[in-house]
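Here the structure comes first, spelled out in structure tokens, and everything after it is commentary.
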């Protein structure tokens, strides 16, 4: 059994956002699967998807702090792809470090995540707008 | 055909560990699949899973050296999520850089890895304890 | 329905290369799938696979600039795995940061990528030679 659908996320500010609930609201089909997995793919190259801590918002703030330091916008001086501003090439880099998709196990009609895990949308642009996901669930 | 199971790894010290054999011991079902893939997911946000060199233990040591320098514990001065100590937020960051799952091709009853590839458990905490994986194999 | 095949890429120079067209030429089976996903796995530990911008070649050049700075070859002074030269351990590190596979949605016989997305082969060695992929497509 396979289902596939596009989900358009509400626009997010730059930074790391917990989107587990927003995804689940759009994935009522999940409860038909006893076991399988869900693949969540983002159709953009300046935002990314990852799994991380779901409880304390300061984790998301510290992720933003870290990645802004690790991939600094001042690097624009050393880049060639600069027309869209200092947050563009850095966003491409962050998206490849963090990844454009996550694959998650599905068990008994739910995402089989650890107690402290959630899904993050990582918005790397200052004004990224709505982001489009393709979710594919495969299983029985 | 799909199988799904949880595997509890033996506790590992902080660092990078080759766990291909420990996983295969718990995946005798693999030999029933002629082609497909295996998804290995870790249910934690301070340890991660990656694929890397399977032969020379110094690769694992150098990975630990590099990531401790790239994501230094001294960064705690700039973080808000600090209650669990200096190895906590750094572990969350490393887990998103390295990833919470790997997907591997399965061919003729085995993982279809390159000659030099193995599966790593990356334990980022000083005392991470046992780590829980969910493995899903899909194929025919 | 599942298909699985190996693809041997033409040798690439060190750096980031757009390989979407080279993969599609070898994946005519894709058009038989109305929905599903494609898993593209690289059987090496010193090259990697990622998704990023498909239009402007300077993005690929800037990716190489960034990762050479983030994972510098001068680090060899601090590594133990040094026999194969300064571009070896750095290649292992880059391959785990960027990842050994991508999973992409398949819809209506095509890869369901965003307008600006393409598949990159990231060649981290000075002389990496031909790289071998395993592609598994699953769906209906």
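Things to note:
Lettered A, B and C in written order, each chain numbered from 1.
Operating definition for what follows: contacts are C-beta pairs under 8 Å (C-beta built on N, C-alpha and C of every residue); 3 or more make two chains touch, one makes a residue touch a chain.
Not measured: the values here are computed from a predicted model.
Taking CA atoms, the transformation carrying chain A onto chain B includes a rotation by 120°, reported to the nearest 5.
Look at the contact of chain B with chain C and you find different residues on each copy: under half of the numbers used there are shared. Chain B and chain C have CA centres that are 20 Å apart.
Residue numbers of chain A whose C-beta contacts span two or more other chains: 70, 97, 99, 103, 138.
On the chain A side of its complex with chain C, the touching residues are 2, 4, 39, 41-45, 70-71, 75, 78-81, 89, 92-93, 95-97, 99-101, 103, 132, 134, 136, 138. Across the complex, chain C is touched by residues 35-37, 50-53, 56, 58-59, 61-63, 65-66, 69-70, 97-99, 102-105, 107, 112-117, 120, 138-140 of chain B.
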